[in-house]
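Okay, here's the structure, questions in a sec.
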């Protein structure tokens, strides 16, 4: 897999990470070396092998439909960077 | 050029549960901002989702209601994107293994033609929060009360060819989810929202045109207008030699127009992958069978029963089954008075007319089925005439008591004693010699005049049919 | 013997007999932390007043006849666990200001068992690392050689136990983060079966791999801590419902006749000859004790690191998306718009290794690469699990090395991520499969400790601990203490 600056930029955009021009090459290099390691997988024939998302082979338990959570807004918003009128504040969102 | 319109709908239905899909926070509408956003809903570090049992029950009920295949194994996935109303930076949804696969519904259009709309799939997912754009010094406020509310996203095939069809389909889905108690279907509270995928192509063309997606339309009126605007816009673009771009549109009901959304990139890469915090959900055939056995009668089956067993017209049956509560009201009244057609008339015309006038839902009706049924019994046993019954109905509506109490208190009982009606007839004959001549000469039209006079004189308490018979006997 | 050199088992006996009080013990550890931790940097948040108060309470409870399984025992939590009212940083600037509004289940369970929380330990940022060098709070030093790393990511916990600054500590293990620092610091560490210990309140790195476990001087101590930590938790959908056995019950059973597999792939290449010798010496001890040793094969071992470096970053790229500067954690100054808020808050809040993994994970999941990377890795994951399933039809447990070498020098591998990643080559496979595995002290090379790995079958932690305990009855590697920790 060839990683170039287009790839690095678009991945940084998706991941919402700042990418300073001077760090592009560094990113290309480290992604390339990690992908070289990762690409060793490609030598394994996995035809017909079902992907395994989870170590447990059990089924999901489900919860009863009960309201169990009290209002803890004050506690939660005491650690929030910016709130007003009980709302979390962010720079203006344009729809 | 003749254009063919191709429409598919994605309908988000809020499931009527007490708690959220992955947390124990309340889903009640209208709470103070963020008071129903618990640790899981705001995505604190270290929190984990736990699935609400009820959402599967409701999703399966919907699937059975549209004749779909129910997936015995379904898997939750993460859909990744950044947005301030999406606290975790991903939405938990179902991509490759949705709970409901396929299905179809039949819609009826205004010209009474019918059409089948196919459903691709329906999957469970969590709702996002809400952005409030009122001015917080140029900031946006985020309320996460709605975050984590359970949704069923119902995806249709692109089977619809006009805004009317799309609206008919959406209305049907709303009716169905209300019937099945899957959702309250309250669009004003956002319990049912539509995304419309619209494209056009030259008539006869088989490949699809480029589609746009108009998001979050929350009324049927807006849905119709949004689609029609989008159709016109696309025709305008194509006919002036332009190209339609695949993009997300927003319908602005104030300006009555669709415009591209600026905030979300059109080609967002959602990087779906299986949600590692949740295992696959497996249900068995017995579980599905149990829900099937407890499924309420669907509107279509009910309408068919009204037509075949109660001999109502198709139109009447459709109206009476438009919602589960109307149908249940009607059936109760019909059962009490043992006369479906009489019950049909009164529920459809008098009751629904009055409800409409006062802007009430049938559940809020001041006249309960027992009261209406009792009233209709009194029409059937000739205690009162249909006309007097309307007076009594109004009185019950005003809280005047039961039919019998009102009839008694106001002396509205029908006069059926011939000996007390005959003198009235004689007097009217005497006062109208000319008309009497005409009647005797066989002029049937005048009969109505005399009946009317008698009814007037008895203040409506006589039975018109009986009056009719008595007059005929007298002129023989 | 100095108070702090006692194991938890011994401390409980001493507290019970009244030899000393929990308050005295706690104060003793607090003093040690105050003096020693300037050398190691093992703690991000040492707790004093609160710990002493809790100890006083524990003494009062004991006086009233209330016996708790860990009553009055001072322990430390890796700073990945949320502790209500206490800063819970995960080693990151992102959470430098994060006072958790709730307790992790592990924290609740250990508190309920009577343990005294004496501090929160340093770690690789978001548990991403094998050296405890990626912490926002600076690197942790190995008590056996202050110029070397203690391993990671639970390096603070390993150091705190090795330098006897607490009786035991919690760790988490996503690819070896309990076992490798345990090995490099000369203590015992167990990663239980995936799902045995609740993940509620444990800041997520890679959800399908993360598992919490005890880090202690001995296997017997680990059993005591695991007794308190393990159990079904309705708040964690991946938590196992099987009843929890008493992990101490079988410790004294002999291991005669037990079948142990030596995985040949672990000895093929990359393993330091001296480390290999230590492992083989330990195997000889086990053989003398009656264990039956045979060679087994886990043919896909070599694929575990590549598969892991797709799966773990992919999960982390989503798990770390919630750090957006909106509801908690670091927020940049004066964001000009939403994108600026996201990008600057995240870039300022996360360190280089975390960003590197988010980038790789985002890439592996992105359109066009999903099948070649993520899906492929999940298929390999199944092959790796199948290898284990096959081997466990032949043997009861697998024995091998933990890490290719003893503790390396600070800064030695930090500039080369891939070399660092290969540190975990022997430990990652059990995370991918979800199997329990432990590290027990097995010798020294040039004055640096080295551990052996014991991998057990699903939910068979009891056998691993039994083997560890029996081994520790025959050896004294676990009793040695670093000179730097002498006061």
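Order of writing sets the chain letters: A, B and C. Residues in each chain are counted from 1.
In the analysis below, contacts are C-beta pairs under 8 Å (C-beta built on N, C-alpha and C of every residue); 3 or more make two chains touch, one makes a residue touch a chain.
Predicted model, so just to flag it, every value in this text is computed and none were measured.
**Q** Give the identifier of the chain nearest to the protein's overall CA centre, each chain being represented by its own CA mean.
**A** A
**Q** Which pair, A-B or B-C, has more C-beta contacts?
**A** Looking at A-B and B-C side by side, A-B shows more C-beta contacts.
**Q** For chain A and chain C, what's the span in angstrom between their mean Cα positions?
**A** Once rounded, the distance between the two centres reads 23 Å.
**Q** Could you work out how far the Cα centre of chain A sits from that of chain B, in whole Å?
**A** 40
**Q** At what distance in angstrom does the C-alpha mean of chain C lie from that of chain B?
**A** That pair's centroid distance is 57 Å.
**Q** Please list all residues of chain A that touch 2 or more other chains.
**A** Expected reply: 14, 16, 53-54, 56, 58, 60, 63, 72, 76, 82, 88, 90-93.
**Q** Show the residues in chain C shared as contacts by 2 or more other chains, in ascending order.
**A** Residue numbers touching two or more other chains: 98, 101, 208, 234, 237-238, 317, 321, 324, 326-329, 338, 342, 362, 366.
**Q** Which chain B residues reach two or more other chains?
**A** 39, 42, 44, 50-51, 80, 82, 84, 142, 269, 271, 273, 276, 278-279
**Q** For the complex, give me every residue of chain A touching chain C.
**A** 1, 7-8, 10-12, 14-18, 27, 30-31, 33-42, 44, 46, 49-56, 58, 60-61, 63, 72, 75-76, 78-82, 88, 90-93
**Q** Taking the complex as given, what residues does chain B use to touch chain A?
**A** Chain B residues touching chain A: 17-19, 23-26, 32-40, 42, 44, 50-54, 56, 75, 80, 82, 84, 131-133, 136, 138-144, 250, 261-263, 269, 271, 273-274, 276, 278-282.
**Q** Which part of chain B faces chain C closely enough to touch in the complex?
**A** Its residues touching chain C are 39, 42-51, 78, 80, 82, 84, 87-90, 142, 269, 271-273, 276-279.
**Q** Which residues of chain C touch chain A in their complex?
**A** It is residues 97-99, 101, 194-195, 208-209, 234, 237-238, 240-241, 300, 302-303, 305-307, 309-310, 317, 321, 324-329, 331, 335-344, 346-347, 350, 355-356, 358-360, 362-364, 366, 369, 372-373, 375-383, 385, 417-418, 421, 432-435 of chain C that touch chain A.
**Q** Which residues of chain C touch chain B in the complex?
**A** Residue positions touching the partner: 81-82, 88, 90, 95, 98, 100-102, 104, 199-204, 206-208, 234-238, 314-315, 317-318, 320-322, 324, 326-329, 338, 342, 362, 365-367, 370, 374.
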